[in-house]
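There are structures below to look over.
In the two complexes that follow, subunit A is the common piece, with subunit B as its partner first and subunit C second.
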Partner chain A sequence: MEPVTAQVLAKDRVGEWIERLMAEAEVIAPVLAHGGDEVFAPIRSPGEVLWEFTNPVHPPKRFLLPQTDPVVAIRRGDNGYELEAIVDERRRVLLNVRSCDVAGLAFLQHVHAADLPDRSYLERAAATTIVCLSCPDPCPLGFCICSGAGPFAREGYDLQLSDIGDLLLAEIGSERGGELLAATDGFFRPATLAEMAQRQQLEEKAKQLLSEQTCHFASAMRRVSTGRVAEDLWRKMSDWCLECGACNFVCPTCFCFSVKDRHNGDGWLRCRTWDSCQYPAFTLEASGHNPREERRDRIKRRFFHKVSAQYYQRDGMVGCVGCGRCVEVCLGTTDMPAVVAAIRKGEWHG
Partner chain B sequence: MDSLFLPGVARILDVRDETPDTKTFRVVLRDRAAHDGFEFQPGQFVELSVFGCGEAPFCIASSPTRPEYLELTVRRAGQLTDALHRLGAGDEIGLRGPCGNGFDVAAAAGKDLVFVGGGIGLPPLRGLIWNVLDQRERFDRVTVLYGARTPNDLVYKDELKRWAERSDVEVLVTVDRGEPGWDGIVGMVPVLFDRTELHPRTSLAFVCGPPVMITFVIQDLLMRGFADHAIISTLERMMQCGVGKCNHCAIGHRYVCRDGPVFSYSQIKELVE
Partner chain C sequence: MTVVDAVLTACPFCPCGCGLYLQCDDGKPSGVAPSRHHPISQSRLCARGWGAHEAPAWGERLTEPLVRRAGGLTPVSWGEALDAAVSGLNDVRATGKAVGVLGSARATNEENYLAARLARGGLGTGDLDSCLRGTYLPLARGISRGSGGRAPQGSLVEIEESEVVILFDGDLARSHPRAAFAVMQAVARGARLVTVSCLRTQLARLAATHVRVAPGGQQEVVAGLIASVVEAVAAESMTERRAPEPAAEMAEDVKEAGRWYAQAERASLLVAPEAAVGNSGEALGFALASLSQAAGHLGRAGSVVLPLPVRWNLRGACEMGVGPDVLPGLRPLDDQAALDRLARAWGRPPASPVGRDAAAMLGAVGGLLVVAEDPPSPLRHERAAREAMSQLDCLVVLDAFMTPTVRAAHVVLPIASHAECEGTCTSADGRVQRVRPCASPPGSARPGWLVLAELSARLDLPSQFGSAGEVLAEICHVIPAYQGLDHRALDHGWGAVVAPKSDARPVESFPQVAGAQRAAGDGSYLLTLDGVFDWGSDPLVALAPTLSRDFVSKRKLFAGGFLEMCSEDAEALGVRPGWPLRVKSRHGEATLPVMVRRELEPGLLLVPFAFREQAEGVLGGDDVVAVQATRPAG
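This part shows the complex of A and B:
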């Protein structure tokens, strides 16, 4: 018998299913927050979960890589300092994560597992279940199709849900996803061929809707990787960057950090905190020397890390999932599609 | 899987003044087994914690051939180093590492070795120099060329004398600006190249110092016939994690903390900023 790869759940039973999930783990989903913002947050009841929403301006990365993340507890004991690694193995379910953010989490998983494995990230990630909600109506600023990160996820999820009318179709993306369905005996039944076809049509339609979005990574990659972008072009673009770091903080693939000690009772917590490559102090050395003193050098650095072939080979994907958040938050105009277009055309008009 | 961020606690045994703003700290890991198991190469570095202040990278200035303790030579330049300079014998710090690649000592066997240090750039070379001197028969000629701004800025003054007294090491020291009482050579480090006999085809040159000095010294060595791969240097960048994750020390897609800090000039030329 063929392994069952998709199952369906009647929408009127979704609440019960989520309650089951909540009994086992902290469930984090898009909810309506104070002031009308739609944000990812831990839910208190299944009714809070949004099923139609604008993708929140902050991706769910902060649940795996918090802005301030304690990694070591430092205490002064009777016989000198006592140090202890802090490990967060709390079980979490990230529910209704869009395909772009699923790709972002896959990227973060890769960089933290590569070379020296980073336990503080990996253990938190290992305890986190990712439930994707596919995108039949792509968002206006997104260009996920250009980086192969959407509108439907191909990998990186435990379950992928698609809205097919009165039913949710759930594709199993991992062993854990399969167990999640097996544990909720009675809620789900195997999908029929017709239901599978329905999901397929949704994806085709969504791809057509996205077909006008263009961000030509391959073309920009050729130029960035071989240093064939005029210094003057970086300078012109950097005039439009306000060095606020917003693009970094909302980016699902940005992970640069600093390490700081914070007071905590009698001791300290050593924390990693988000940092931004667009800040002048990011590369400032104690001697006063700064290899990336100029703003143009910093913007150049950001896009080398994002789209160069060197990093593509190292990370297996471009460092952009096409979510469009940098387009939304940039106070200037130096967002990903704009910069990629400028690199490709060799000109910048602000 | 151990945490990448968990330091070991180390105890300061002794602090020595090198210059008015530079001290050498002699330390051991508090856990004896951890200390005995701490294996490193010259040129590697540690992330040093001053608890409550944070951590910063410093090269190991001692040699693995003298494993009883580690030595770190630190100039007071910022918050953390200022706090470190206020610590003394018996105080505890954190050490994480060793980090980075280190010098390839085996590849230097049988060669003439020229060490070129500037200012606070001598400490990374010092570990390698003692490593070489402790197994002197494995190498051919050994030359140490060192310069600092003023006589006051010279580190390891006693050791420079001890090395100079040996018949199997040539030591030349210069200062940018002389002072009353200084009867040695005056001038930038490259002036020393004219005062010694260089053998570019059989030599490896190890160059360490401030960025400007490295640039001039490398150009000079190239003009004198050294091949790109025979010039070995260490690069410095602002670092946070020391384990290739935080991205502060990236040069192109290379990380000074993982791919370096030791690079040959042929590698340095390939780095795309």
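This part shows the complex of A and C:
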């Protein structure tokens, strides 16, 4: 979607603007945690918000899809068990989310709205405003350009901010984004053509910086979708995975879960909990049979879901936004770019 | 610095020392996030690390002090419970029976230190141990003796830079994933990996050379490596007149591995806990130090000699003095300077007799204080241990979780879990890190250090600790290696590394090693326990819904136990998974269903540690036995 309009805000007034946001909603932004770790967290004051930072290794997806998410309260009532859906409609603003994560959230929205709409997810998402901060200096491990998810977002945001010197330029991506600006009357003014051009230049420059990054999804997709990846290649690669599940947990597009009941007072909470397709028990059946007992089959499955044409058609994009997080967290060497390259070349070096 | 909805703490499972953020929602731990700048984990965590929030939130928690009354365990006030614990233990002592104390690899340094202090200072007993100590301390001690105190040395991160890694493997990918990753990184960067194991594990498949050994046969390989190193070094040395006689039967792969090790600039020796079978730990450790010394790697920057404790804070527990024959700081019991230092700090001289180890204590003592452990589950003879526990006159248990030991207790003192307590832990490579609470303990549970301090005070051992930090201050005061701990690094950085103990005693002579009997002939196998590391016996795994699924399902299917063999052997015997197999040793026989494990070497049968009782008739107390395996008729 083309930006409807753009406005600008003087940087020295950003704090006031964020205070306004905080009055209306929980504002979640990248901040510094222990020892300089960058994390997304609810802020207590505008000064905490980071504006120049490496994207946190833990994506903001957990605010919409927590690792442990109580979805139903179960109580013993007079007439048997009583069930009550747990709905979280807390208003949140996700501030300074990078374009890869914006694409990830758009993907999750699509998945949870399709087929059987997932109310728990959708209500949280409906109460969440997404403010993107574009990437003029692409991050060291990212390859968003290969999956079309960055360095500037094209859709999926309410506002997209770009740093143009003394000013922040805000593009409006949704009605809600427009309202956000309207409500803060006096802070923003319409952008000039020169300011718009400046933002355009930033994007061109960032794209050039990213042009070295190559994760050739298309050719990997051809091979994966037509079963032209040798079994032996999966086997070799699987020896370089320690099945930690981190690739799934930090992936902005992964959403698989398990369901567990937890004691809570004299009742239970039915929780949705993160699960990983790389865990042997992910497909364990009650009989004890496991259709994907071998790690090579699990890796194969993961990449089939991520890059096959079948899923591309269903979801409208590959299941990867190029954030580079799996490269950073992999407790092995089988991250997305490495495996895509191996599939393309038909060989694995280790 | 910003306060966020998560706290940085140390991963509570294995001793690799990863850091992670524990998140908390509605008063309960709810998730985990990795730390990018943590020097060990560096954005990475294994499956268990990612599940560190689960056991505290999902496990059955102890929320109030309990005392056994006529009707069973009954809730009481803290004051009553502490009095009952102390009077119970004192009553036992008054009858002339011994009382013992068990610390734990699952407890913090502060808890372990106070347990040791309470035993030697408050109860005046040397019956003090942790159940897993025997899997680590002998090995570490052997390495220390063999190196004049200059090892263990090096860190997991340094392994990644090694040119040669010799791994005495159990199955690091399962037991110590961060260490496995370090090995993998080294290989990816071009290092030569040598694995020595009876399993062709995942890492063995990445190895340049895999040396297969029978369980307990690691020592022979080390001896071979030493011979090869000596030969290689002599060949290089111009002053040496005559190269030593090459060891007659040295296998070519061992010889080559020794040459690689001798020639490398930076090389690592990494020892999984399974490598030391039975009581061979100290001898193996000594031999490893000798190997490192022969090749010139001992004390060399970048070279690593590291034994891996089997569970979280086992190294810390040992260093805090939880053991029948050591004082805090691993000082010998007759170290007068250490005794004096302790006496000054405690206001009372420590009792310094050699005590009984955990297994020997059960059945010998009348009273027992247990900190965060279900002793029978890691001990070799589980049934006998449980029986002995049930015979105790007074069993006092501090734990965060409900365990069979808690059910058998006379006094139950509920303490905070790793997610709710303050303290420190010590990793395999000696990094001391803070454990930080992300939530309050449930109900009226209290921090373990506080409960131990209160018990100590009731035993007239001065214990004026206002915080876990004050306990650490005393630790730093009495344990020389911990003296230099930089508190800024603990609080704001990523912990501080304790230097290897500098022990100036002369290197002792090479101990004699008894090799394991080898299986020979047709239908004969070696049967042993797949021991020490058992994924499911850690309550933090067993109580975590995501982490416990695999072994729960396997153990449900085969509740009576099973044995594992490789597919070639299964084929040769004509058995399929789930089919029964009869195994017969000189001690006796048993019939167990078979599971196929791809990674096993042919000729080997493994019984998971959890099913040791089912195989006891065949093992007869041995660690490795030769057996005949046959398909039962019919």
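Going forward, the second predicted complex is superposed on the first by the 346 of 350 C-alpha atoms of A that agree within 3 Å, B and C clash if a C-alpha of one lies under 4 Å from a C-alpha of the other, contacts with A are read in each partner's own complex, and residues count from 1 in each chain.
In this section, contacts are C-beta pairs under 8 Å (C-beta built on N, C-alpha and C of every residue); 3 or more make two chains touch, one makes a residue touch a chain.
None of the values given here were measured: they were computed from a predicted structure.
After superposition onto subunit A, partners subunit B and subunit C are found to sit side by side with no clash. Put simply, if you stand at the Cα centre of subunit A and look at the Cα centres of subunit B and subunit C, the angle between them is 80 degrees to the nearest 10. Looking at the shared chain after the overlay, A:Y81 reaches subunit B, while subunit C stays out of its contact range. In the superposition on chain A, A:Q310 makes contact with subunit B only, while subunit C stays out of contact range. Residue contacts after overlaying the shared chain place A:C277 against subunit B, while subunit C stays out of touching range. In the superposition on chain A, contact is made by A:W268 with subunit B only, not with subunit C. When the two structures are aligned on the shared chain, A:A197 is found in touch with neither subunit B nor subunit C. In the superposition on chain A, A:S258 makes contact with both subunit B and subunit C. When the shared chain is aligned, no partner comes close enough to touch A:A113: not subunit B, not subunit C.
In the superposed model, A:A126 lies in contact with neither subunit B nor subunit C. Of the two partner chains, neither subunit B nor subunit C is touched by A:A183.
Between subunit B and subunit C, the smallest C-alpha to C-alpha distance in the superposed model amounts to 7 Å. Within subunit A, the residues touching subunit B in one complex and subunit C in the other are 258, 260, 275, 284. Residues of subunit A that touch subunit B in their complex: 71-72, 74, 76, 80-81, 83-85, 87, 111-112, 115-120, 122, 227, 255-261, 263, 268, 270, 272, 275, 277, 282-287, 289, 291-292, 297, 301, 304-305, 308, 310-311, 314. By the touch rule above, subunit C contacts subunit A in their complex via residues 1-8, 21, 23, 25, 30-38, 43-47, 49-50, 53, 57-58, 173, 177-178, 180-181, 184, 187-188, 202, 205-206, 492-494, 545-546, 549-550, 553-554, 556-557. Here subunit A touches subunit C in the complex through residues 31-39, 41-44, 48, 54, 56-58, 62, 66-68, 239-240, 242-246, 249-250, 258, 260, 262, 273-276, 279-281, 284, 288, 328-333, 350, going by the rule given at the top. Here subunit B touches subunit A in the complex through residues 1-7, 9, 11, 30, 49, 51-56, 77-78, 81, 92, 94, 210-211, 236-238, 240-241, 243-248, 250-253, 258, 272-273, going by the rule given at the top.
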